[in-house]
Amino acid sequence: MALNWFKFASPASFYPIAGRLVPVFWVLTLALLAVGLYWGFFQTADQLGGSNPQKEYYRIIFIHVPTAWMSMWLYMILVGWAAIGLVFNTRLSFMMANAVAPTGAIFTFLALWTGAFWGRPSWGTYWDWDPRLTSELALFFLYIGYIALHSAIDDTRRADRASALLAIVGLIMVPVIFWSINCPDPNQCAALHQRSNLMRIEGNILFSMLIMTLAFWMYSFATTFMRLRSIILTREAESAWVQDILTKEARA
Amino acid sequence: MFRVFWTVLKRDLTLAMRRRTDVLTTLFFFVIVVSLFPLGVGTERKVLATLGPGVVWVAALLASMLALERLFAADYEDGTLEQMLLTAQPLSLLVLAKVAAHWLLTGLPLVLIAPLVGMQYHLSDAAIGVMMLSLLLGTPVLSLIGAIGAALTLGLRGGGILLSLLILPLYIPILVYGSGAVQVSDIAIADTQPYVALLGAFLMVAAIFAPVASSAALRISLE
Amino acid sequence: MSEFFSQGGFAFFVWGAYGMVAALLVIEILQLRAQRRTLLARLGRLSRMRDTGATE
Amino acid sequence: MLEVQGLECRRGDRRLFSDLSFALDGGTLLHVRGRNGTGKTTLLRSLCGLFTPESGDIRWRGESIRALGDDYRRELLYFGHLNGIKGELTGIENLSIAATLDGDRISEDAIWEALAQIGLRGFEDLPTRMLSQGQKKRVALARLVLSGARLWVLDEPFTALDVDAVALLQRLIAEHVERGGLAVLTTHQEVPLTSGQVERLDLGA
Amino acid sequence: MFRVFWTVLKRDLTLAMRRRTDVLTTLFFFVIVVSLFPLGVGTERKVLATLGPGVVWVAALLASMLALERLFAADYEDGTLEQMLLTAQPLSLLVLAKVAAHWLLTGLPLVLIAPLVGMQYHLSDAAIGVMMLSLLLGTPVLSLIGAIGAALTLGLRGGGILLSLLILPLYIPILVYGSGAVQVSDIAIADTQPYVALLGAFLMVAAIFAPVASSAALRISLE
Amino acid sequence: MLEVQGLECRRGDRRLFSDLSFALDGGTLLHVRGRNGTGKTTLLRSLCGLFTPESGDIRWRGESIRALGDDYRRELLYFGHLNGIKGELTGIENLSIAATLDGDRISEDAIWEALAQIGLRGFEDLPTRMLSQGQKKRVALARLVLSGARLWVLDEPFTALDVDAVALLQRLIAEHVERGGLAVLTTHQEVPLTSGQVERLDLGA
């Protein structure tokens, strides 16, 4: 069984599977985006009352929260693959980690951007040194560091392992960073930010937010697999099966 | 085991003594960066006093980071690092000894020169005391964490700026508590204790885990 | 319609946020496609070159 | 004693060699040969555990060298492209630090003796950066005299050495093999090896 | 003559585009350093607004200085710099082109990202405008002066920190007027003109003399 | 045409050679020889004006090369230990930039032609870092085909080249000398030089 799994995890067998899955993910992405956006813009109230009144700008939530979530989930996925690669020395997992990183960095940037565009009308400022914001920024730097380190090393294998280690160290540090900014004064650590609560969010809003999150998941799968295919081709360029593909492409 | 630690530590100190400039440059870099700020920000006493702790700490971060670039580089280039990987000693012990030597040569001078710098920023005596203490506890953590980055970027082109990209975000907690301690010290001295305790805790944790991570990084970089 | 686009006067913020998301995602897709195309072209040339090199 | 099974090594995206197997007993010298870039250095570094092969096993006395770790490294002496000596330290300092790290307790007299034997009498306490290229290499070779390692892995040890030094090194290797030691080496120039059982391995043929 | 300038400029830009990270690292280093300060100094709006100009300028100094380390290094290592010395073109023209390319890749991005950074420090829109203008005029001067230092330290070990010792003191005038302009802009916009005029004058002088000095330094370093 | 008088060069604190004098006319090849570290490279770099000698004169057409400056460099082509090509650029880009900097207006066709002549057909627009060591050296050598320089200074041009390339380069040098050009070169391996008037200079003998 384990042997089977490793066979499946070889680049040669994963390449065509990924190729077949990509269009499926694209269709799902478009469908979910359509539903989510429609619901978000036309099935929700224009203004929110309550303790924290919000005007139309709250609609940024439908992209802000999903991008913010994706940025963190994708980082965990990246670290997961990196760790598997380091432990089991499997090439495909490093390629996965590599393929995830740019998409994750983009989502992180988008979380920052959409958050800023939400903050201006809501808090009256684009940016503040709030712990959550700051640690999102630190996460962005970690993504960039991962990508920069990987591309600075010419030897792919060393690049894979070195940046994997960096990602793992980063994963340990992110909570520490978050906590240190959240609690800069250990004398009064009680004044923790209150965490937002999904349960309090109104049904329609919650629905389109979750649909948009799903759409971004599908989008991440699609782009990651596309990138993965390119990476596999580059790295396996001299193996026979890639040569076969190339001759087929040339004829087509 | 202690004998090995001591041998490596003495070796690195001897090497540094035989080519002295490497030590002084870090110190001067620190002093220059700290002195630049009043030029950029203006020289009002009150502004400077609020700024002081933060500036000193950021300058310490930058200085320690730039010096780290050379932590393993010389040994890497002449092949002695490779030989260290092949000895029957735990690599993380050797790394710890090298980091200790590095800190003695680049971190400790920053601690000792801190009073001078504090005066430039019109800090109170109490604040200067706390600043020295926080630097004493904080700079070793910087060296320890930075060693991981130095090991990862060993022998790469553009190493310096890449290293800072990797390491500076990880320095944030030290910066927050280090400068926090100094800022608080101006209000009531008793309050600084939790900061110091936290920095001490960071130091313990880093001293245990960073050498392990660095030696893993070294093994990767030397393939 | 214009009411929809004005978003209660917050058009800049709402569309600024959505616009950046749309722009970056589209750019990523385009970049991926371009990457694949150049990669295939390069690898194809390399393999053809290797073939001719072998016959030389 | 040293067994290699189904070894495959890659560098970058290129496979250097695959399915390489051999076994060596005590008293053997393995001469690895091949053109530039065929992977000799990579093979030697894999044998030392400095390079992780793509697949395959390397065993020492029947156990994987990964698992052995420090116990393997205690029996190993590697001599690579770089000398591994510090230019700022003297020959004596270099060798005594190396000995401490190897876990050997060697008296200073023994080190003076070794340096004299290798032809560096009078240069013992000069910083090695003041020595010529060949003399630097000799300092590094003095480790061969001092070390009690069972397995010597030598990557092009003869470069930059003059005729006398080449002869001396050949004698050292021969004595090591006679004592039941194992040596793996690469050289580009054809050097006649005098003793013990010699095996040859051609890479990238 | 313009053809030669353009060829070298295009060459360096092409090279940078073919290995993109070198460009991005400088930018991110700048952003990281700027982002560290509020964590060290505290996040009060008013403090940050006074600090902003100084911090941005010091960060720009450091970023530009660290990037300069690589200005001639790659060409030195692969021998193309040597070949440039042997062409029948005035070396200072080639240096000017290389510095121009370097500024387009590392200085201009700083100018363009300044609004974002200004926002982090809650600067007013007018101040952000002046900051961009002052950076636009000041960063080329940094690159020009830094080129001299980069040429002098070519191929030395510990180059990075040595370079900063040589160059940072020379950067002081730019720092003073650059950050001065931004600070003044918050009071009355008309007043910034003399600052801008001075920065412009520095730029003219540096553009004329720095390439000559750098090419002399290059000839010395390549012996 | 090229005259050297009483040349003395030092490196660090060591005098490499002193009182070196020779004069070369058009159609001559000067072969500089000597052991490692005797100062061959230093001499060649002095001839190019890259290294300032301790004392002595170097003249070209009767005038000091310092005074000539750009006019001398226009007639000079130097080929050192380093190839002087950028790995990120293609062969075509490398050569056309080099030509522009040399002040020659060379059409792109001529460059393609030169690369083909030097045996790089099919590799013209690959980034040169993807080429093997010998192929990289060939790209650099294509400059010899394109250049109109009168004086060639070549420092160990034959290393890393295979037999075909060595023959090609020998032919290029011979043709250059036949056309009345001047060439100064060093090589460690004895390479038979076929044409024109050959002079030899032994350093550190």
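Miscellaneous remarks
Labels for the chains are A, B, C, D, E and F, by order of writing; each one numbers its residues from 1.
Note that a residue touches a chain if its C-beta (ideal position, glycine included) is under 8 Å from a C-beta of that chain, and two chains touch if they have at least 3 such contacts.
These numbers come from a predicted model, not from an experiment.
The chain pair B-D and the chain pair A-D differ in C-beta contact count, and the higher one is B-D. When each chain is reduced to the average of its Cα atoms, F sits farthest from chain A.
Centre-to-centre separation of chain A and chain B, using mean CA positions: 33 Å.
Chain C has its Cα centroid 17 Å from the Cα centroid of chain A.
The distance from the centre of chain B to the centre of chain F, with each centre set as the mean of the Cα atoms, comes to 48 Å. Residue numbers of chain A whose C-beta contacts span two or more other chains: 134, 141, 144, 148, 152, 155, 157, 181, 234, 237.
Of all residues in chain D, those that touch two or more other chains are 52. In chain B, the positions touching at least two other chains are 157-158, 162, 165, 168-169, 172, 176, 223.
Those residues of chain F lying in contact with chain E across their complex are 45, 48-52, 70-71, 73-74, 76, 78, 80-89, 93, 97-98, 100-103, 127.
Residues 89, 154-157, 234-238 of chain A are the ones touching chain D in the complex. Interface of chain C with chain A (complex): residues 4, 7-10, 13-14, 16-18, 20-21, 24-25, 28-29, 32-33, 35-36, 39-40, 43-44, 46-48.
Residues 21-22, 25-26, 28-29, 32-33, 36-37, 39-42, 47, 50-51, 53-55, 57-58, 61-62, 66-67, 69-70, 73-74, 157-158, 160-162, 164-165, 168-169, 171-172, 175-176, 179, 183 of chain E touch chain B in their complex. Within the complex, the chain B residues that touch chain D are 3-4, 7-8, 11, 14-15, 18-19, 77-80, 82-90, 94, 222-223.
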